[in-house]
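Same chain, two partners: subunit A is paired with subunit B first, then with subunit C.
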Partner chain A sequence: MLAVITSLILFFAGFHGFAQDQNLSVISNTKGVPDDMKMEDLRSVLKGEKQRWGDGTKVVVALMKTNTPAGSSTLKKIYGMTSDELNKYWLALVFQGKAKAPAFFNSAAELQVFVEQTPGAIGIVDSPGSGNHKKITIDGKKTF
Partner chain B sequence: MLMNISWYGSEAQDTQIKGFVDVLTTYQDDKLSFGLGEQDLFITSELTDRITFLGESVFKFGMSPTSFNVSIERIVLKYNFKGNHNILIGKHHTPLNYWNDTYHHGRVFFPTIYRPLLFSSNVIPLHTTGIGVQGENLGKLKLGYDVMAGNGIGSSDISDNDKYKSLTAALHIKPFEKWRVGGSVYYDKISPGFITHHGSADTVDFVITQLIYSGSLSYFGKRFELLTEGSLVTNSMDSIGTTTSVAFYGYGGIKFAKKFTGYARYDLINFDTNEIYFDNDNKMTVLAGIRFQVNYLVVVKLEYQYDESDRNGINNMVTGQVAIGF
Partner chain C sequence: MRFGVKSKIWITIIGIVMIFAFFLLIFFPMQQEKYLLKNYEKEVQTLANTVALGVKIALTEQNFEGVQTAIDFVNKDKRLTFVAMIQTDSSFNEQTKKADVKKNVFKSYPETFSPDPGWISNDTMIIKWSPFSTDMMKGQIMLGFDTSEIIKSKKEIRQTSLLVCGLILLLGFLVGLWLARQISVPVLALRDAALEVGGGNRNKYVIATQTDEIGELGRAFNEMVSDLRQAEEENIKSNKNLAASNAHLEEALVELKSAQSQLIHSEKMASLGQLTAGIAHEIKNPLNFINNFAEITSELLNEASQANLTPEQRDLVNQAKDNLIKINTHGKRADSIVKNMLQHSRATAGEFQFSDINDLCNEFMHLAYHGIRATNNVFNCTLETNFDPRLRPVKVMREDLGRVILNLLNNAFYAVNEKYHRLQNENTDEAHEFRRIVTVSTQANEGNVKIRIRDNGNGIPEEIMDRIFNPFFTTKPTGSGTGLGLSLSYDIVVKGHNGNLQVESVAGRYTQFTITLPA
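Right after this comes the complex of A and B.
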């Protein structure tokens, strides 16, 4: 009996560990995006509420697809929405002419290339990697 | 999405075509009917870093040789001149209210099957052809504004019918997450012989000064939904004086399962007894329904509607609808 209970505890502990959210990092193009942002401001930018950075560069949002681990964590930590809710949110903004939908990617490498080549682009990844992009701190921290 | 033309990091044009369509079935007066709703196509295109285009066309049943009419609902050129501030030129949804600017023909977004009476009874001018300035999400309160000048009521999409211009001024704030509060004022002088919005044949022989004061409150949360809007319209004529009419609706919804929402709405239109501009038919509607959100592009609704009108008496109707986005 004890073995069964122990197994169940280990199973659910393992399941819980598997379901935990990934740490996320913010990367950006070298133009436009400030080096450090408050979480409140990051959420606002990623919800399409900001059209221009302080230097006038257009804001472009890049996200991992919601069926990837990083995309799933972004949904939870930034948007507080399900995948369907996020898609509906952006479709509504596009229909109203208020914003352009984010670019979605299957891999962090694709997202990174897009961010490096697009002025004003900001993206969320699980690992910031290296390359010709900035690593943005959020409330002074490298990951959230 | 039918087409998406874009290149990473380049200045190339980025164009997307999307759309909405709905099919309906109604049961009324012991008769079951099936019907098409509308097919709404909208195109967005980035022309430059600061200039974007949005076009929207609707195809729906009408009295034409092909039995279908095409209407240009929006053609908007937007120039982002600073931060979250834009200049808009073209044919717009008049930025008077929440429903008009947020849903309009996007039936997959509608919380109910049918539009509120405030919109379907020609109380407010749904479209304005003209120029406007718009700001969004400004400051802590996420203030938004619209100031628009247009051809006004009685005009066509290609020219004004008189020297008067309509003026719209609207403000809204989002003080808390998912909450929005807004208000607006619309001013226009309507010339004799006008044709009302959407082609009603009603005309009058006087110059009418129209003022519309509107307010709205909305909350769309994870579990609860609330949307209420009202408009007070004054029509002033030198020979008759001023009439005051009001239109209002309140909507509430509650999600009772993961993809199911139950909802109800109450609509009321009360025209001044001396009103000569509007079709003077006081109406009241109560409806209740269930919405099944299959996913973000497919919504199924079943709705019961009870109508009372001075002219047509009492009507009951049950409607089922499938609305999709593509």
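Right after this comes the complex of A and C.
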């Protein structure tokens, strides 16, 4: 019985955990960013490893702050780091001039406006609204 | 030590230039380097602070925009040697009971550069620290900037200072030359001119074209020299006038002494003349009695001698007659002397009339010569005349002046004859060559007439020269002269004609009497 209860708790806990990981969507500026990307390419872009798009447009990363649900999900799904680790990661890159640091936003709306106005910008949001941006499919899926 | 004006000018200029050189080469560069270094350190510190602030914002607010901008700015700076983020980790040490602080380089740029957290600034690099502290991470931003730019700037400052110092030196040299030309050269020229003027050159001037005080000094000096020369010329002129005045005074003094001497002599002669006249007058009456009774007695003896007398009586009568003859002879001689003395007393009694002096001299010269020839027929003498034809008739007492000429000529004839006989007796060579010469000359002058009677006789000895015009003074043997001739002549010329009678003689060679008469 105890085992059943424990299993249930763990199941629900795990479910709850999965329930906290929101589906994320990738939006981008209309310029430079391809319509579909593989997850590995997305990770590479978001980790600052890729600096320019195929047409030469400079890559600009826009992320939700890590204290937001979308930001937290992004940490887990893309970076696999804690918030501090992410900060240190980007600080190290910026400090050594290896990459341009991402822009962090408190709201999806702000992020969406930034992406729409910045050529080559790509951002991760939990619920992409309508606007002058592209919705990038990752491995053929609109969310991940 | 004595410094000249030029030395003082150069010492001043060099002193000023040295002060400028000190400030330009040492003080100002040091100050500039100090401020430059201070500003540089401040700038680096500001950059470090900015980066640290950016890091803090990035770590706390997840906003990397600031640190990105700061890092981009720092990385672009060419002076950057490195920028490093030092992470500080503290842990409590149980053994030491103190916190152990470990400093590790978190990241650095350039990546290949590995700075040591313990580094400090040195000559080639300035290192600045700026701490940051967040919940996630504590540490410091360490910025290293090289000082090559500072060294280059220092070098440029020193080069500029050296160049400016060189220009100052050149300017100082030019100013020194200019001052020397403007001050030293004129002052030295003035000194030399003053020495030359002091040495007696009163024509030494200086060139004074400057419009400043030096020029004014030069002009004042020139005016002084000019005034000095003028004063000297006036002094010389005054001295000449003074010398001329002195000469006139001396001449006047000589004339005064001569006049005084003549006056004394005149007074003396006048006194003697009066005395002589008085004596002559008193002697003349008894002398007349002597002469008259001698003649009468002689006649009586003549009558007595015709009577019958014994031979002894006749001898006595004859002796008495001889005595009477002698008495009569000497009585007449005494009478003659008395007459001369009386003539002496009335020497100025004649009348003035215009007379031709040349004719007068000629007449009395022949009268005197024939007079002496009458008493001495072997006498021979050459008469020379030199009468001035310009001579105008002069108002004189003709007879008296004639007596003067006659007296002087008689003396001249006597003198040449005496010399002739003396030479004959000595029988020298001069005796054969000697020729008796008496010269009479006249001369017309402005305001007077001169008559000169010169003989080449024995001359007058110096010791008796001042006595020859005294009455009764004679060098002739007794009976040959009364000693009244020159005395009488002197009275006639001086007192009678207001003239002058002078004698000039060299013993053994000549005698010349000069009669000066006012015309």
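Keep in mind that, in the parts below, the second predicted complex is superposed on the first by the 126 of 144 C-alpha atoms of A that agree within 3 Å, B and C clash if a C-alpha of one lies under 4 Å from a C-alpha of the other, contacts with A are read in each partner's own complex, and residues count from 1 in each chain.
Here is the rule we use: contacts are C-beta pairs under 8 Å (C-beta built on N, C-alpha and C of every residue); 3 or more make two chains touch, one makes a residue touch a chain.
Remember, predicted model here, so these are calculated numbers, not experimental data.
Q: When the two structures are laid over each other on subunit A, do subunit B and subunit C clash or fit?
A: Aligned on subunit A, subunit C clashes with subunit B.
Q: Does subunit B (first) or subunit C (second) touch A:R52, or do both, or does neither?
A: first
Q: A:F95 in the overlay: touching subunit B, subunit C, both, or neither? Say first, second, both or neither.
A: It touches subunit B and subunit C both.
Q: Kindly classify A:N87 by the partners it touches after superposition: subunit B alone (first), subunit C alone (second), both, or neither?
A: both
Q: Regarding the shared-chain residue A:K65, is it in contact with subunit B (first), subunit C (second), both, or neither?
A: The second partner, subunit C, only.
Q: Applying the document's definition of touch, where does A:T118 land relative to subunit B and subunit C: first, second, both, or neither?
A: So A:T118 only meets subunit B here.
Q: Go through the superposed model and pick first if A:S44 touches only subunit B, second if only subunit C, both, or neither.
A: A:S44 sits against subunit B, while subunit C stays out of touch.
Q: Specify the partner with more touching residues on subunit A, choosing between subunit B and subunit C.
A: Looking at subunit A, the partner in contact with more of its residues is B.
Q: In the overlay, one of 202-210, 220-228, 292-300 or 310-318 from subunit B clashes with subunit C and the rest don't. Which one?
A: Clashing stretch: 292-300.
Q: Name the residues of subunit A shared by its contacts with subunit B and its contacts with subunit C.
A: 84, 87-88, 91-92, 94-97, 100
Q: Using the touch definition up top, name the residues of subunit B that touch subunit A in the complex.
A: Interface residues on subunit B, with respect to subunit A: 8-9, 14, 16, 18, 42, 44, 46, 49-50, 52, 54, 74, 76, 78, 80, 82-84, 101-102, 106, 109, 136-137, 142, 293, 295-297, 325.
Q: Using the touch definition up top, name the residues of subunit C that touch subunit A in the complex.
A: Interface residues on the subunit C side: 55, 58-59, 62-65, 67-68, 71-72, 75, 83, 85, 106-109, 111, 136-137.
Q: Tell me, which parts of subunit A touch subunit B in their complex?
A: Within the complex, subunit A touches subunit B at residues 44, 49-52, 56, 58, 84-85, 87-88, 91-92, 94-98, 100, 113-114, 116-119.
Q: Quick check on the complex: what are the subunit A residues that touch subunit C?
A: 65-66, 83-84, 87-88, 90-92, 94-97, 100-104
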